[in-house]
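You will see subunit A twice below: alongside subunit B first, and alongside subunit C after that.
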Partner chain A sequence: MAEMQKSWRDGALRLSTLPLLLLMGLFFVIPLIMTALLSFQGTQYYRLVWTWDTNVWTDVFSQIHYWKIMWRTLTMALVCTLLCTVLAIPIAYAMLHRLSRWSDQITLLMVFAFLTDAVLKTFGWVLFLDRSGVLNGTLEAIGFPPAAVNVLFSPNATMIGMVYNLLPYTIFTTALSMARIDRDLVLAARDAGATRLRAFHEVTLPLAKPGIWAGAVLVFVLSLGVFLEPKVMGGGTSPLAAELIRQSFETRVNWPLGAALTLVLIVIGAAVLAMAGVLAFWQARRGSND
Partner chain B sequence: MTDQMEKRLADIVLYGSVIAVLIFFYIPIATLILFSFTQSRFLSWPISEFSTRWYGELLADRDFWSSLGNSALLAVLATLFATLLGIGGAFAWSRYKFRFQWSFRILTFAPLLFPQLLLGVVMLLWFSVLAGWLNLSPGLWSAVIGHVIYITPFCIVIISVQMQGYDDTLDYAAEDAGATRWQILREITLPLILPGIFSAAIFAFLLSWGNFYITYSLSGSTRTLPTFVFSGIAVGSSPIYPALATLTFLPALVLIFAVGRLRKRAARRRLSKVAEG
Partner chain C sequence: MASPIIQATGIEKYYDTYRALTNISLSVANGEFLALVGPSGCGKTSLLKILAGFEDLSGGSLVIDGQDMAGMPASARPTRMVFQKLALFPHKTVAQNIGFPLHLAKRPKREIDTAVRRMLELMHLKESYLNRYPHELSGGEQQRVALARSMVSQPPVLLLDEPMSALDAKLKKSLQAELKHLHRHVGTSFVHVTHDLEEAMMLADRICVMRAGEIVQIGEPSEIYYRPADAFVAGFIGDTNLLPAKIMQVGEGFEFSCDILKCSSPRLDAEQVAAGVAAGADALLMIRPEMLRLLALGETADCTLAGTVREYFIRGASIQYRISIDDTEIVMDVPGTSVLPAQQGDAVQLGLSLSDLFAVEA
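== the complex of A and B ==
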C-alpha cells in the first residue's frame, strides 16, 4: 500500500489527528504529569496540602512493607505471563492446524467467554471453587471427603483467576502471528528430514515470535494492575500493588502516597518491558550472526 | 521415537489443550447459569430446588435497572467517540505519512501499555482537580473520557488492519474522474473500510460494557453493571448475580455472532476481488 505524504498544514491530516492528540494530551499526558507533581505534596487531616517536599518518597523508600507487596506483584505478574504465553502456543497451533475446520466456531466460543464481564466470571469461579461449591460438591458425591479442594482464598486462586482472565490475549496474538506463517516452509523442513518437533521448534516458533512477544507484553502489563482477582478469589489475604494503591486513595485518603506508589508500579513495569526489549533485540542480533 | 508415535503424541497434546482450555473458559460461565435457577438464598452445591425466583427479584431491583441504563449510555457514548477518533487515527497510522508520525503512533498506543486501574487512578487525580475548578463531580462524563482513552487504541488497530488490504489506485481513478476529496472519502474509502469500522465499533462497545477497572476509578457514585456486581459480591454473595450474569450473556452472544458474520462477508468480498483481479 502506497502511503500519502502529508504536511501538517493539510486539512485531512489535521482533522484525523488533532482531536485525538488533544484528547490524549488533556486526559492522558497531563494526568501523568499531575501524578508526578502530586507525589511531592503532603496530607493533613485527610486533606491535600501543597507542601512541595519529598516526605512521601522517603516514606515509600523506607517502608519494607510496600516493597514486599511490589515484589509479590512482580513475581505474580511474571508467573502469570509465563503461564499464559506457554499455554497459548499449543492451543493456537491446534486451532490453526488440527481444528482448522472448526476454528471459526472455537474462536467465537473463546471471544464470547473472553468478553463476558470479568467481575461476573470471577464470581463464577468463587461459586465453583468454594468449600460448598460445584467442584467440592461433585467430588464429595463420588466419594471424596468434604471440601477436598481447598484452594479458594489463597494466592493460587488469585493465579487461576489471573490466568483465566488474561489467557485469551496470548491465544489471540499467538494465533494471529502463526496464521501468517507460510505452511510451505514447514513442509520444506519436513521434506529435508526434520522431525515434527524439530520443524515446529526451528520454523514455526521463531516465525511466530512477534505474536508471542506481543501477547506476553500485554498480559504482563495487565497483570501488574489486577485487584479484582486478589480481592474476590484471593480473599484479600495477600494484596497486590493495585489494592495497595486503591487503599491509599480510598481508605487512607492519602493522595500523594497513592500517586507515588502508582509511579513506582509504572516504573517497575516499564523497566521490565525495557529489559525484555533489550533481551529480544540481543537475541535477534545473535541469531542473525549465526 | 518413530514418526507415527510423534504424531500420536502431538495430536494428544494439541487436541487435549484446546478441549481443556474450552472447558476452563466455560467453568465459571456454566456455574453462573446453573446457580441462576436455584431456589435457595445460599449459593451452595448441589442445588436442591430449581426456580426462576431470582430473575424476578433481579428485575424488581431498581439499582439493577439504573446501572443497566448507565452501562448502556456509557457504552454507546464511548463507542461513538472511540470509533470516530479511531477512524481518524487509523488514517494517520497507516494511510498517511507525515513528520512525527512515530511520535503520534506511540502516543496514541501508549494507553494500552498501562494497567487499567493505574490509567483510571491517574485520570481520577486530574479529574478531581478539574472538578474542583469547574464545580463538577466525577461521574458518567469522566468515565466516558476514561473509556475513550482506553478503547480508541483498539479501534485504531482494528481499522488499520482493515486498511492493509486497501487498493489506492481506486482513489487515484476517482480523482482522475473529477471526484472531490470528500466524495472519494464518502463514496469509495469509507464503504470499503466499513467492515473494519463495524468490527471496531462492536469491539469498543463490548470493551466498554464489560469494563470494570476504569469505571470503578472514574465513575464517582454512578454505577454500571460491573461495579454494581462488584459492590454486591464484595459484601457477601447475593443470589441475584447469577441471574444477572445469565441475562447479560444473551446480548453479548448476539453481538459476537454479528461480528463473525461481518468478518466472513468482508473475507468473501476480498476473495472475489482477488478472483476478479
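== the complex of A and C ==
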C-alpha cells in the first residue's frame, strides 16, 4: 500500500505514464465523448445537422425493435462467453497435462488458426456446414440421410462461428494461468487424499481463476461486437447489435442514431462487466470467510 | 523388532531406459526415523516418490502398513508428504491448509476445527494465524503449517523431501530440534530425504546412504560415521582423511603398513576392517579429523604423523588444521582455544589412538 501511495508522488513515474495517457485520451476518451455528443444531433437529407436535441434518444427508447436486437446480442454474447469459458478449461488442462508431449505442436496449430483471417475461417465453416457441404457429404457417404445437418443460416450457426473464432482467447488465458500452477500443489492435494477430479476442483480450478476470468471478459467484450458471423453464417436473418450500428451509419447514414446505439451497447457491456466484477468480489470474500 | 511399517523388496525404477533405482530393499520399523542421504541424482527422491505413490514401480514390491501398494494411488496411501517447496495452497487459509486432509475425508466441521487447533498448538503456531494466508507467514512458520497439514490426519508414515533446504542455518537448527521432538511425541514413522549429513546424523535413528540408484549402507548414525561400508560413505559423511595402506591378515586380526602413519604395533581388530577388504590388498585407513591430536614434545601415542601446518581455520568450537605430510594433506580438528596451539609453517607431531582407525576398501 505504502508503495502505491508513494508511486503517485514520483514525478518520473508519472511522466512515464504520459504516452499511455495520451494514447488512451486520443483514441478512447475523446472518441467516446464525440460519440456521446453526436447522439444529440439530427440528420436531414443524409446530412448531419447540429441540432442539439434528444430526438434520437426518444427514437431509441420508443422503438422495441432496437431493444430486441440489443437483448439478442446480449444473450448471444453471454451464451458464447459461457461456452468459450467452459470449453477452454478441459482443453487447456488436456493441452498442459494429458497431451503435454504435443503441447508445442498444438499451440502452434492454434496460433496458425487464430491468426488466419476471420473472414476466410468463417466462409470455411459455410463450406463445411452447407447442405451439400463437406460434413453432410461425409455423413451421407456413411449412411445418413441427405442434408442431415441443417444448421447453417440460423442463430445456432452464428453461435458456432462465434465460439470457434473466440475460443482461442479463453484457451490461451486459461492455459497460461494453469501452466503457472506449481505441480507440487496438485500432488499435495492428491497426497492428502484427493481424487484427480477433487484435486482439480480444489487446487487447479481456483488457482486458474484469474486466467479464466480474463478470458471470459475478453470473449464477452469481443462477442458483443461480432458482425461477421451473424452475416455470413447466420445468413443475416437475425442481425446483432454491431450489424444494426453498421446499418445506421452506412446504409441509413443516420450518424446520431448509430452513435446512440453504440452508447447503448457500451453501457450494456459495461453494466454486465460491473455486475460480474461485484459477483466475483463477493464470491472471493465469502470464500475467505468460509 | 515388530513387523515393519514399510517393507520394500527389490524395488527397481526405470525412466524410459534410464535406470534410476536398482534392487532397493529396505524396511522401516514402526516409529522409526530413517534418513535417506546421497549426492544429487542418487535416487533418494525417486524412492520417496515411489513410497508416496507419485511414481510407479518398475519392479519389486512395496508393503506399507500391511497393505500392498501395487496400483494404489497416492490419495489412498497411508503416507503423507512434506514437500521440498512445502506446496501450501496459496488460495487457502492456514486453517484450510491444515484441515485439508480431514476436509477431503468429509469429517464433521467441529472435528476438523479441533484437530486444526491441536496441530497449531503442537507446532507452536499462534491462533491468530488461522485466517491468514501462507504468503503472510515467515518461512519457518510456513514450514510448521506444512508439517501440521501432513500430520493432522495422523498418518502412519510421514515422508519429508528436504523440507528444510531453503531455510537459513539458524532457523534450520531450531526446526531440526523441533522435528526430532515432534517425532518422539507423535510416534509416526519418518522417512526424511536430505543431502545435509549433519541433519541426518542429528535426526535419524538410522541412515540409508544411496549412490547411483543403489543402497550403499544402512545403519545407525555412529555406524555410518565410524564404520562406513566403503570410501564413498566415508568421504560423503563429514570430513575425513583416507590414507592408502596395505592390509595383511594375521590370525584373528590384521596388520597394516602405511607410509606416513608410524605405529608401534600396527594391528587392527577384525571389526576395524570393513567387509570387502581383501587381505594383502590395498586399503584405505580412515581417520576422522577430530581423532587426531597435537602431540607436545616428548609425548607419545599409538600412532604418530609428522608434518607441517599449511593453514588453519578458526571455526569457534574447533580449529581446523590442514597439515602437509609429504604430498598428502591431512585435516585435523582440535578444540577451539584463544591461544593457537600451532601456527602456519610449524612442524608438528600428530597423535592417534590405534582403536580409532578403520580400514575400507581402496
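Methods note: the second predicted complex is superposed on the first by the 266 of 290 C-alpha atoms of A that agree within 3 Å, B and C clash if a C-alpha of one lies under 4 Å from a C-alpha of the other, contacts with A are read in each partner's own complex, and residues count from 1 in each chain.
The rule is simple: a contact is a pair of C-beta atoms (placed from the backbone, for glycine too) under 8 Å apart; a residue touches a chain by one contact, two chains touch by 3 or more.
Nothing here was measured: the structure is a model prediction, and the numbers come from that model.
On the superposed subunit A, the two partners subunit B and subunit C both fit, without a clash. By the touch criterion defined above, A:64 lies against neither subunit B nor subunit C after alignment on the C-alpha atoms of chain A.
Looking at the shared chain after the overlay, A:187 reaches subunit C, while subunit B stays out of its contact range. Legend: residue contacts after superposition of the two complexes on their common chain; A:203 is shown touching subunit C, with no touch to subunit B. The vertex angle at subunit A, taken between the C-alpha centres of subunit B and subunit C once both structures are aligned on chain A, is 80 degrees to the nearest 10. Of the two partners subunit B and subunit C, it is B that touches the larger number of subunit A residues. When both complexes are overlaid on chain A, the residue A:34 reaches subunit B alone and has no touch with subunit C. Shared-chain residue A:142: touches no atom of subunit B or subunit C. Note on the superposed arrangement: subunit B and subunit C approach each other to a least C-alpha distance of 7 Å.
Shared interface residues of subunit A, touching subunit B in one complex and subunit C in the other, are 195. Interface of subunit C with subunit A (complex): residues 52-54, 73-76, 79-81, 83-85, 87-91, 93, 96, 100-101, 104-105, 131, 149-150, 153. Interface of subunit A with subunit B (complex): residues 1-8, 10, 12-13, 15-17, 19-21, 23-24, 27-32, 34-35, 38, 87, 90-91, 93-95, 97-99, 104, 106, 108-128, 130, 132-134, 136-138, 141, 164, 167-168, 171, 195-197, 217-218, 221-222, 224-228, 231-232, 242, 245-246, 249, 255, 258-259, 262, 265-266, 269, 273. Interface residues of subunit A, counted against subunit C in their complex, comprise 182, 184-185, 187-195, 198, 202-203, 206-207, 288, 290.
Against subunit A, the residues of subunit B that register as touching in their complex are 1, 3, 6-7, 10-11, 13-15, 17-18, 21-22, 24-29, 31-32, 34-35, 43-46, 85, 87-89, 91-92, 94-99, 104, 107-108, 110-118, 121-126, 129, 145-146, 148-149, 152, 163-164, 166, 168, 181, 206-207, 209-210, 212-213, 225-227, 229-230, 233-234, 237, 241-242, 244-245, 248-249, 252-253, 256-257, 259-260, 264.
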